[in-house]
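In the two complexes that follow, chain A is the common piece, with chain B as its partner first and chain C second.
So, the complex of A and B:
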């Protein structure tokens, strides 16, 4: 994965795109969990959500930029 | 703790102290959260090596809000506003790099439009508009002398603003969050209970007008409040998001049932007044089974599901009971007609109550997503375009004046004045007393400046490192969020203090010691703020004025025109929601129990009554079995009513009354041939006629006592 991506001739950091992608994935997971009401089993839903995001973003970032 | 005698423990915790402690602890939690957000934002900005931690902190100061429950919900719109604003800033810089007049003119227009948007939309969307104006400004601000650097500047500023938004959203969502979802659940159950109790307790049919007015106000508030909460909670809670359309439907059913209930009561009251006590008594008897259905044995828990089944059972009894009661009234055909229209109303109310309780039961019994799809309904807001327009003009004039002043004088710090005017003309435009709020903000801003002066030039030179920075700034910075929690009594003070403090603190890495900049900046900022206050004096706000209220009352009246002419698709929800939103907006500024509020209430009742009946009538007119001449007469009546409510006067009242009467006569004649199609329409027409001839309604001054209505006893 290139460190910078040219979007309409503007150089955008690749990590930013990954960040946005992770937000999308998080939104999907969030909706899915909410649909089936699984947040009842979680102590602090928003902390859980943030943690999931960190896991996603960390994993994607570390895997794509070794 | 049983060793402690109870009287002593109650002495040690008197109720006022408990309330005080609860309130204070909420306030201090907010202060702690704000401080965490401020320092986390500043620290991250420094870690990411962005240029101005001050921008991040200013954004946090604008965004953090105690009532908000979740700032995360609002962050969505704020991020949108930021992106739009910065994009516009860059575009503007690219379009006019050399022409400062055109540049400032366009910027003024943009900021003015954003301020107008902030007034037009309520709640969290309004903040998005404020931020769109603010970001556009802050992006071009440092680049104004070096147009080539605008892109880098834009990237830096957007990163800082976004960081501020994200950090404040995260902090308020994760640290001791106020769960709006719980609030929504509690409030909607309270309103449900209140409505059921009210419907159960008012069997007698004689509710004093003041009580009815209070109840109406409460129903209206409930509907608007639930919708407000729902639209925020869907961002916070995916479970609520999955159930959102059902909750909207529940709100619709609530509103519909409340309207029918009020119409029914109105009808009974009217009948009692106009010497039809027998009809009224018969209707009250007919209402009896519903009241019984709503009051199950105390041994059984009054769950919504139980009520729904009981109401369904009682619905089957109603036609039989109605037929029996009708027998007793047989002597007088006029009484019979009134009774028939009342019967329709009772049955409509029962059906709506059943729908309402069964949906409430479904929502309570299931967790997570509910299967199947429901009709999509949307809560429409009633917007008046006068106040946003005035805000646009006012902001434009402020910005233009400041720009001209800046260009003409070549004042180096004119930008600071412009920036402050941008932020506050958006933030304060929604306030009903903007001049007072600006004055408060101005004083608080000045105090914030002094506090920041003390910190920056006395304490900070002796400190070193981030921990020292926190220790040095926190005590005086904490005052700002604390004052924000006192916004009800001191409007604008908290925001002014925080902004003034953070603005002068102007955290940079490394910090610079520049007392001259402090003086220049403070003078400019206070000048800008004063200008926006002066603009509020020159072009006063219309929010809460008599003029706007009268305008909104006209708008409320025209809701009947809407009911008569709008396309039928989804008309009921739009009608009910706009009515309530409008009423809520007007009633905010009227004193309870005053003449004005009485007039408003009677108009609201008349509009609810007639509008709903018109909608039902139009629905019945879609029936294919209706003979064309009858339908024409009905359409004529609907049009005449629309004209009457558009601009009421005696001639139009006569026309409407005549048209409705004509339609009734025609329908009664056709009734034997086409009973299925005519019966429901006839009931609606009768309702419309009684509403028209009601001598205590808002239409009373226009009623002409013509000799031909002698047949009405």
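So, the complex of A and C:
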């Protein structure tokens, strides 16, 4: 994963791509959990969603971002 | 009140996920703060400001702006006529000094011969006086005194001639020194003549060529910049928080803003001082301290010098001093393990 990527000649940190990717994954997870009704096991769905996003983002950032 | 198992489970799952999220975010933040990389790098090069060593009219400019030149190539030429004349003058002076030295040498011979004659004369007078002295009974007193006086006079004349000899010697030494002086003056005139051709001191690129035929070039005032083509390096301005994680010799990845070209390099030094921007000298020589916030502090940026590995430069790469690059330091974990 490059440290920065060129978007229309503007170099932006590669973290931005990870962020966008994590949003997609979160959307997928959210859909899955919603379909199987697993939110029954969650105390506070909005907090849980935000936390899951940051778990994904942190893990991906640490792993992919050298 | 009895807790339902499902409620406990719900709470536990959420809490665990939130805590993991906090820990990961903290780790990522630390990584962001301390990982040794920067987008704030600049290509730099050593620039030689070419100034003529002699003053005069510019008669020839064989280079054009941005041309690549080799070491020793002529950059511009100053009218050599005046310096040729000066050289001829110095040569004539040298010849005159040499002739004067020869004359002084001849003079010495003459003076020495004269001294020898005086010596002979003195010896004769001395013997004469001695003889008359020995014959005191027959020679009248007046004659003896005269002879003694004549001997003393002859001795004085001889001594005078000897002094003249010393003088002539000194004169010759003076004349010889004058020859050396004239020789030095000639060498200097030749050097001046040679320096009318301003040559490139290094391989490089002519930049900002600001000299035309007919310009008057004054000694010591730079007329063009020559960028040393072997001297390109990079200054990475790293935040001070990242400095502990880089060391001299660490390999770095360089990515240029122009075309995203990747180069390899290594750290060759860290600047050991930057200006303290919060403390310029104010009026009356008092410190002018900035009242900063207590909460927000900006990390200063410290220049780190990176040398580019020439082998990693792609063919046809155009490096310009002042270009922007990103620098990513590869921590030397592998090397450290080997140690």
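As a working rule, the second predicted complex is superposed on the first by the 65 of 66 C-alpha atoms of A that agree within 3 Å, B and C clash if a C-alpha of one lies under 4 Å from a C-alpha of the other, contacts with A are read in each partner's own complex, and residues count from 1 in each chain.
Here is the rule we go by: contacts are C-beta pairs under 8 Å (C-beta built on N, C-alpha and C of every residue); 3 or more make two chains touch, one makes a residue touch a chain.
Everything numeric in this text was worked out from a predicted model, so none of it was measured.
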item: Clash-or-fit label for the pair chain B, chain C on chain A; value: fit
item: First (chain B), second (chain C), both or neither touched by A:36; value: first
item: Contacts of A:61 with chain B and chain C, given as first, second, both or neither; value: second
item: Partner chain(s) touched by A:46 [first = chain B, second = chain C, both, neither]; value: first
item: Residues of chain A touched, compared between chain B and chain C (which is higher); value: C
item: Which superposed partner A:6 touches (first chain B, second chain C, both, neither); value: second
item: Least C-alpha distance (whole Å) that remains between chain C and chain B when both complexes are overlaid; value: 5
item: Common interface positions of chain A, toward chain B and toward chain C; value: 40, 44, 47, 50
item: Interfacial residue positions of chain A with respect to chain B in the complex; value: 10, 30-31, 33-40, 44-47, 50
item: Of all residues in chain B, those that touch chain A in their complex; value: 72, 151, 170, 173-174, 177, 237-242, 367-369
item: Residue ranges of chain A in contact with chain C within the complex; value: 2-4, 6, 11, 40-44, 47-48, 50-55, 57-59, 61-62, 65-66
item: Residues of chain C touching chain A in the complex; value: 6-7, 9-11, 13-15, 17-18, 20-25, 27-28, 31, 35, 37, 39, 255, 257, 260, 326, 328
